[in-house]
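Everything on this sheet refers to the single structure shown next.
Each chain gets a letter, A, B, C and D, in the order it is written, and its residues are counted from 1.
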Amino acid sequence: MKKLINDPRSVVDESVEGFGMAHADLVDVHTDPIFVVRKGAPVAGKVALVSGGGSGHEPLHAGFVGHGMLDAAVPGAVFTSPTPDQIIPATAAVDSGAGVIHIVKNYTGDVLNFETAAEMAQAEGISVRSVLVNDDVAVEDSLYTAGRRGVGGTVLVEKIAGAAAERGDSLEAVAGVAEGVVRNVRTMGVALSGCTVPHAGVPSFELADDEIEIGIGIHGEPGRHRIAMEGADAITSRLLDPVLEDLGIKAGEEVLLFVNGMGGTPLSELYIVYRRAAQILAERGAKVERSLVGNYVTSLEMQGCSISVLRLDDELTALWDAPVHTPALRWGM
Amino acid sequence: MKKLINDPRSVVDESVEGFGMAHADLVDVHTDPIFVVRKGAPVAGKVALVSGGGSGHEPLHAGFVGHGMLDAAVPGAVFTSPTPDQIIPATAAVDSGAGVIHIVKNYTGDVLNFETAAEMAQAEGISVRSVLVNDDVAVEDSLYTAGRRGVGGTVLVEKIAGAAAERGDSLEAVAGVAEGVVRNVRTMGVALSGCTVPHAGVPSFELADDEIEIGIGIHGEPGRHRIAMEGADAITSRLLDPVLEDLGIKAGEEVLLFVNGMGGTPLSELYIVYRRAAQILAERGAKVERSLVGNYVTSLEMQGCSISVLRLDDELTALWDAPVHTPALRWGM
Amino acid sequence: MTVGLGVEWAVEWLTLSARLMAEHREELIALDRAIGDSDHGENMDRGFQAVMEKLAQTPPETPGAALKLAAMALMSKVGGAAGPLYGTAYLRAATALGENADIDAAALAGALTAARDGIVARGKAELGDKTMVDAWSPAVEAADEVLVAGGDAVAVLAAAAEAAEVGAVTTDPLVARKGRASYLGERSAGHRDPGAASSALLLRAAATAAGFPEGSAE
Amino acid sequence: MTVGLGVEWAVEWLTLSARLMAEHREELIALDRAIGDSDHGENMDRGFQAVMEKLAQTPPETPGAALKLAAMALMSKVGGAAGPLYGTAYLRAATALGENADIDAAALAGALTAARDGIVARGKAELGDKTMVDAWSPAVEAADEVLVAGGDAVAVLAAAAEAAEVGAVTTDPLVARKGRASYLGERSAGHRDPGAASSALLLRAAATAAGFPEGSAE
């Protein structure tokens, strides 16, 4: 394992410190406990959005703190959900009185820690609404699993709910928008390599030179099954078909197509996947109205990608287009 | 070698096609020969900027085509400079009559191909000025080398010269601005791993688990020397010290600090490097006025980073801040 | 012996726990790597280091206070699924023990039950879902049996520790239905659940701290 | 024999060149990987495939026309440093040959000199800089010697091919001072220059196409 780090135990602290220095115009970094808030928060009268989760998915979540998106991000240890003692002060720091939305990726750890934090924040008089993101079609949502994971679609939820909050929607309304995105977004991912958690020092899983892992999450955990390496077009179908199936996308519908890199895959390859995905959507008569291609929800240096599709309507498209100004996503200002 | 590709020989074509589909609002992609132009080019009365080089450095260059930056990008095969038969029509496609700047990274191949193209474009009546980027302090600029390479600093040249062109500067003035950036920017890089050119199928170089390569270029070529793995802070000094030395940065000076990922390094690690680099600059009394952190000038999936420092003055800072709207760099609009 | 266990026992339990988490850190990481995300050993080690710091700062006066302090430290430093689950377990156990300075077998069995119930209340896992519940539930049952048979506090803990270790082993062939391992479906079979393994270690520490010969429960 | 070489020779030269570039593609990539960027074999193979396509589309009528066609194809399809250098070389050689249908030893030696001078004019490399010049310059000298000694066109090419191969080998210990390999400094020593290696192959193809027994120049 070779990493540009000093000490596995200080990775998150030092990285977030550097992040804060590089984006001092946009964010303030709190330490002990560690969390990141939007400069000038709380924004008077505005519903605040707080998200968080294990580190190692950068730019998620801290990279999305700023105008039109998150008010605070709470980074846990690498691949480990943050704890209530971080989430509570982050929630308090950004609450303007209009209430706070917790955007939580559906993992047992995140759910339990955010649940506890929400209870305690509410006991302190803050109105908290939690929205669970569970867009991963690789996992069956059944009694026999912890339910679908929250993966790439999270960034779309954060952007669109953030725009709703910025335009002044109420707590319930913002939560409703976020839940609408969750209902209409699905994702599936593939890994060409594992990734190495700094404190573990060995890869999360090993793939032979001719193997890939289909249906991965974003924590370096193995996926649903392992298959022989295929061409990008074939892999794209394997990811996109179940996504479209599950969403029930029909001819004439408008979508946002999001090809997300897992951290170690060149942008050029993401565009090769995007090309085929857009072709498949066109073949089905769907209209790709908006696109996002890049490394937004990563698993350290893992090679691979995920494909997300979000069913759009005029409202969601307008919220997607609304100005956003964060370290990792910026337009319109 | 596992890559999200279909056929090593179609990598560039398919990737650029996907790029064009994802950014159809910003760019037009020409095929046979392949090049990318800004939507609506030529812009009446504006000096046009054309850059290009081997593929594999994405988002460089095509990712920087758009308002306030490049008017055209000419991608060659992976790590192979493009040819005059691509560069000439790209140059012609964006010339409004105000002339065209070729931004050329200093490699024998790029220099020779752009040189030929410039001669022939000029023979067709287009005013062409070439600006050579050679910011890599790892290479001695002497009779015994092909001169310093153009590396990470290229994106700064393209952004700032692009802003000068957008505000209406003349051909000579834009060239002057670009050359001013070249004079004031220096870069040095490190690799923790090699990278694999698709058609080659094996890594460009192999590093043992405890080795890193200092002074790399951006083509997977080996660097100046190989050393034992070190902590991020120590590596940061190794890269930044010669950069500051060469630039002669003094206390009180203002700089832009650019930590660039080589493609396979997590963003979190780039921020760890940024942190130490900013500390070192602060210790020297320099003021980090602007920052850029991310994967902008890459070498496929190589792990590693480069650090660039640009000496700023009010003019350069204003041009850096000017609105830009390209697939990979966007602000102010 | 019918003498109960005091705050020294509780502190010793936590101290031994911290030592075991440090010693078994890599093993727990390896278990979690197989069916999870490679962090369980790191999380538990970090959490119990925090417990030790807190113990040093504010020495507790009762066993309940010691466990409450541990609950707070675990809740705020472990993170992941295990943090809130262990946090709840220790908090419920502390509440069950109340302010008593001296814990007899019945109080102990009650505290173990409360801990297990807390884990179930939070995590909603059932026996056989391949989670730490598969260590805690047999432990609680064994403790109750010993209690009914008239055993003392040490015997209760010894039985709980032994049963937890057996329970952890029984997770090996199971297909996970809760937590991160459930995403793997059938592929989760053939690996021990890391949380069950850490639970067995923690209960072994409790027995050892009470004077039960170390390792004999294995 | 004093009979000159015609367009058939030129076409055969290019055809054999294309075959050799395909056959040695991986070898040239490997050489370039050691001290460059792993593309030389790929570039040359792609370029000569384009030459073959153009030859098929518009069969040339003179040796000069064949080389001019090759120059254009190489210039537009090879890219990198080698593209413009070989493009210039073939263009200058074509210009030197003019419209002659029949190339004698003197014309051939002149064309080789023009090619080499073109490479030097564009690339500014000197003998010993570890570039393709280290294959071309000895080749030109050997050709001139054979010419002065009264050799025919085949003998001129055979001598050039042999000298180019020796020249390529002499690049092994050199420290590069031009091109991408120069960035490596001392580390470039101990590896053959890929452009010198491809040049030797191309000149061997010229000799073979003229009837000189294949491989005997080695």
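Methods note: a contact is a pair of C-beta atoms (placed from the backbone, for glycine too) under 8 Å apart; a residue touches a chain by one contact, two chains touch by 3 or more.
These numbers come from a predicted model, not from an experiment.
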Please give the intersection of the contact partners of chain A with those of chain C. none
Which two chains have the greatest number of C-beta pairs in contact? A-B
When the centre of a chain is set as the mean of its C-alpha atoms, what distance in Å lies between chain B and chain D? 33
For the pair chain A and chain D, the C-alpha centroid-to-centroid distance in angstrom is 55
Distance between chain centroids, defined by C-alpha means - chain A, chain B (Å): 29
Cα centroid separation between chain C and chain D, in whole Å? 76
How would one label the connectivity among the chains shown: line, ring, star, complete, or other? line
Which chain pairs touch, all of them: A-B, A-C, B-D
Quick check on the complex: what are the chain D residues that touch chain B? 29, 33, 35-39, 42-43, 46, 75-85, 87, 122-123, 175, 177-180, 182-185, 187
Going by the contact rule at the top, pick out the chain A residues touching chain C in the complex. 33, 54, 76-85, 107-109, 112-113, 115-116, 138-140, 143-146, 149, 197, 199-200, 202, 204-205, 217, 219-222, 224-225
Touching chain A in the complex, chain B uses residues 1-7, 11-12, 14-19, 21-23, 55-56, 58-59, 63, 192-193, 207, 209-210, 212, 229, 231-233, 235, 259, 263-276, 278, 288, 291, 293, 295, 298, 300-301, 303-305, 330-333
